[in-house]
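In what follows, structures are represented as structure tokens.
Common to both upcoming complexes is chain A, partnered first by chain B, then by chain C.
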Partner chain A sequence: MTHDIHLHHITRVEGHGNIVLNVRKGRIEELRLEIVESPRFFEVMLKGRRFDEAPHITSRICGICAISHTTASIKACEMALGIMPSTETVLLRKILVNAEILQSHILHIYLLVAPNFFGVGSIIPMAGSHPEVVKRALRLKKAANEVCRILVGRHVHPVGISIGGFTRVPSKNDLGEVMRTLEAVVPDMEETVALFKDLEMPKFDRPTRYVSLHEDGEYALYGGMLYSTDGPPVYPIDYKEFITEEVIEYSTAKHARSGGESIMVGALARVNNNYDVLRSEAKWAAKELGLRVRCVNPFMNNLAQVVESVHAIHDSLNLLDDIAGRDLRCGKEDGMKVSAGRGVGVVEAPRGTLYHDYEIDENGTITAVNCIIPTAQNLANIEEDIRALVPEILDLPRKEIEQRLEVLVRAYDPCISCSTHFLEVKFVG
Partner chain B sequence: MKKPLLLLGLGNTLMSDDGAGIHVINELRRHKLPDGVDIVDGGTGGISLIDILSGYGTVFIADAVRGVHSRITVFSPDELGVNKKETGFSVHEVELGSVLELMNVLGMDMPDIKIVGIPAENLAPGTVLSEGCRNLVAEAVDIVIEMVEILLKMPECPAL
Partner chain C sequence: MRPKIGVFSFTSCEGCQLQVLNLEDELLHLIEQVEFVNFREMMSEKGENYEIAFVEGSITRESEEGDLERIRNKAGILVAFGACAHIGGINVLKNVCPKDMWLTATYGRRDLFSDTIPVKRIKDVVDVDYVLPGCPIDKEEFLRFVQALVLEIEPRLPDYPVCVECRSRGNICLVEQGRWCLGSVTRAGCDAICPTYRDNCTGCRGLTEDPNIKSLFNILLEKGFTREQIESKFGLFNGLEGISGPGSTED
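And now, the complex of A and B:
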């Protein structure tokens, strides 16, 4: 069997990338996941800027993951400057991170993944054939965005979240509105579980290293230790011992590895690593969807995103209950004492673990920056998956091979726009 | 209950003239407009524009355009080239035409929309408008204000 496949601009992923695959007599001679987007140089952009500009600038790395980048940036600055946010500040940040997980996952599973299962090419024909499904997606997404709007002004490039606290302390009425907004979409989320329960994911198993944050007693999205299924936990400040990056000739995004091996980050990795501390409603969803840990089928990342969406809603409702009995001491204090230091902020963005590492001098100027984006961490693993999957599907018609590879890449929910950007498959020969 | 009028700027201010629509609405914020007129920076908005657009009876959109005209043109969504994206779709790349098409297919209540198209000369990374575009932004501000005044004089105009 000989195939020369060039999948040029893989569809329904964020950004542009290609798969180049050359199979001769059943053997893969060439395989490249080419990332062809222009590099964006955000790290260079930050050097020489004041530390408090960093959260605003880095929120522009991604319009979908703006809360995650802002939060990672704030955490890095706070660590560098020795600032300890209040308990209430952290609780509110966790609600925001949950909201972003919800809106991003909903966008992916409904707008990019679901059309495949309904036999249509995109959300627009799906809106004609299944309007109730698209309207449900839009309601869920709107609810997540509303949470962000109420708490920090807006979701895309939030303005109310800041180093040390919030520029505007939410009122009790605001928190009540957030709660009502989330409670209103619980039935929609249950319908979502029912919908995806009926969609069959392709069968394919390949164990790999699953990497995420991990924290005792809590489903770690905002903080915790760096955790891999193969190795001891590592403090975020020591992440360079945990994860290494390499420049790849054919990719404008770097590849990342842990312990020399490719890794998977994102929803499936988190569910695999932290299943025990999921909310009970999310565990129910996992059971309904047939997602059992440790799951080694990357296509199931789509269903892990459904599970995490359930968790995000119910965990936020729980956090709101916690906050209700507290004085909201989360206002940003004027005048921060500036001192030289280094800080590493790590959060779980929707697509996986996100690192911001800054060095700040005694004047508050950023002198060194390193950001590691989730999609870049998954790229080497996607290549390894393709390498293992192709021999299993070589007997399929070429069109189906191309489609299966696209579905695989899409299951990772890559954000090539951010990693730098992503996907086309090129069969050669 | 829909709000009566929204002035919506679209574009990316990090890509020079692509951000012309945002510069227009930022300038409009300095003007005394009737109470009840909302001004929103829609940025590169994408799918979230549905939530914004569906809340208003009338929307005037300021946005950069390429290629067709050298002068500011006011046009309706019907004249907008819609990429229906039958096979592809990216949440980062949802443009206004796709958003309006999606609203239309879903049978959502559409606002009355007019688009003020500002010809863009330079779309390279940068935060500064080209000289030509800067002049057109000032002109677009006057045009939008005139459109608001005309709307207010129309008998069917909802109370602001």
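And now, the complex of A and C:
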């Protein structure tokens, strides 16, 4: 069987990417996941600028994970300058990180993944055929965006979230509104579990190295140790011993590996690594969806996102209960003391572990920057998956092979703008 | 009319496209009023029969120029969609870094992806009919804009500064508090969201028609900021708008 596949600009993913696959007599001769998004050079742009501009500038790396970038950037600056945010500040940031996970996962599972199962090319025809599904998706997405709007003005490029605290401290009324917003969509989330329970994910197993943050007693999203399924935990500051990046000639996004192996990051990796500390409601969802850890089917990342969405809502409600009894000491202090230092801010973005590493000099000028983006960490693994999957599906008609590969890539929810930007599939002759 | 719309993306974070999907309450009505025929982030279909093209992002590669020209030739109306398209956005910071650093600092070698070029605004490559400013675009402004097109009314942007909206929201002036803010020379339409959350206005919506930059410069100098610092703040979004860089603020 000979296939020349070139899927150009894979759709319903964030950014521009291609799959090039060349199969001769049942053997893969050529396989590339090409990232063709234009490089943006954020690491270069930040050099020479004042540290407090970094969160605003790096938010613009990605519209979908703007809060994750802002948070990682803030954490890197705080570590470099020796600033300890208040407990209340951290609680609010955790609610925001949850909100971004919810918003991003809902966008992915409903708007990008679900159309496939309904046999259509986008959510638009579903508005006519399955209006209740579309409306529910929009209600959930809106709830996540509302949480961000109330606390930090908006989700895409948040304002008021800052090094040391918040420039605008939310009121008790604001927090009440956040709580009511999230409580209102609990039934919608349950319906979501019921919907996805009935959608069958393709069968495909390939064990790999799952990487995420890990913390005792808490489902680690805002912080924790770097954790891999095969190896001891590592402190974030030592991430360079844990993860390495290499330049790939056909990809403007680098490929990251851990211990020389390709890795998977994101919802499935986190659920695999941290299942025990998921909220009980999320564990119920996992059970309903048939997601049992350790799950080695990358297509199940879609369902892991459903599980995490359940967790994000209930965890935030819990955090809000915690905040309710406290004075909101989360205002940003004036007159930060600037000193030279290095800081590494690590956070779980919706698509996986995100690293920001800055060196700052005694004047507050950034002198060195390194960012490692979740999608860059998944790229090598996606290629390995395609390599393993293609022989299993080679007898299918070419159109179906293309579609299956696109579904596989999409299951990783790649964010190509972030990793520079993403996807097209080329079948070559 | 039910116009056919294409949404296209060049170098950007794709956050402005996301703002369209973030219109949760209006999205279902919107898709009744307009027909999306090409919107890669949302749909698999790739129609070429669009009448209105919303173009997000800046041009940062030679090959993107040809792609943009093709879109321009097909679209009756082309809208520069968001700050990257409109004024270059945060991407412009790349232009002030030494060119030989771009590739070596990012990839450690200069032979790969060397088709990267200094950032251009959409208007530097093709004619632009309308602009929707902001980083990101304002969702409500986008809706009003689409409504105007559907009703065949000439869309208009506010020509007054962010300061007007900021005052009407009852905010205390950040500049009076000794902080920097570009709201007095930046086009309104965002409802002063940043100063309302006590964050600086970074000028993401571009300048007003007749900005009094000299006056803002003098005030900020009086508040103790250096010329270099002020120019650097202007450069965050407006580096290509002819107001930062040596000499440009002298007169």
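Everything below uses one rule, namely that the second predicted complex is superposed on the first by the 429 of 429 C-alpha atoms of A that agree within 3 Å, B and C clash if a C-alpha of one lies under 4 Å from a C-alpha of the other, contacts with A are read in each partner's own complex, and residues count from 1 in each chain.
The rule is short, and it goes like this: a contact is a pair of C-beta atoms (placed from the backbone, for glycine too) under 8 Å apart; a residue touches a chain by one contact, two chains touch by 3 or more.
All values reported here derive from a predicted model rather than from experimental measurement.
Of the two partner chains placed by the overlay, neither chain B nor chain C lies in contact with A:Ala411. In the superposition on chain A, contact is made by A:Gly63 with both chain B and chain C. Of the two partner chains placed around the shared chain by superposition, neither chain B nor chain C is touched by A:Val347. Of the two partner chains placed by the overlay, neither chain B nor chain C lies in contact with A:Cys295. Measured by the number of chain A residues touched, the leading partner among chain B and chain C is C. By the document's definition of touching, both partners, chain B and chain C, reach A:Lys142. Touch criterion met: A:Arg168 reaches chain C, while chain B stays clear of it. Touch criterion not met for A:Leu278: it reaches neither chain B nor chain C. According to the touch criterion, the shared surface of chain A, contacted by chain B in one complex and chain C in the other, consists of residues 9, 11-15, 60, 63-64, 107, 111-112, 115, 121-124, 127, 131, 134-135, 138, 141-142, 145, 155-157, 417.
Chain contact summary for the complex, chain C toward chain A: residues 9-19, 21-22, 24-25, 27-28, 31, 36, 39-46, 60-61, 64, 89-91, 93-94, 97, 101-102, 105-109, 112-113, 116, 135-136, 193-194, 196-199, 202, 232, 236. Chain contact summary for the complex, chain A toward chain C: residues 9, 11-16, 37-41, 43-45, 47-50, 53, 56-57, 60-64, 66, 107, 111-112, 115, 121-124, 127, 131, 134-135, 138-139, 141-142, 145, 152-157, 159-160, 162, 167-168, 247, 249, 252, 254, 417-418, 421.
For chain A in complex with chain B, the residues that touch the partner chain are 9, 11-15, 60, 63-64, 107-108, 111-112, 115, 121-125, 127-128, 131, 134-135, 138, 141-142, 145, 155-157, 415, 417. The touching residues of chain B, when paired with chain A in their complex, are 14, 43-44, 46-48, 50-51, 84-92, 98, 101-102, 105-107.
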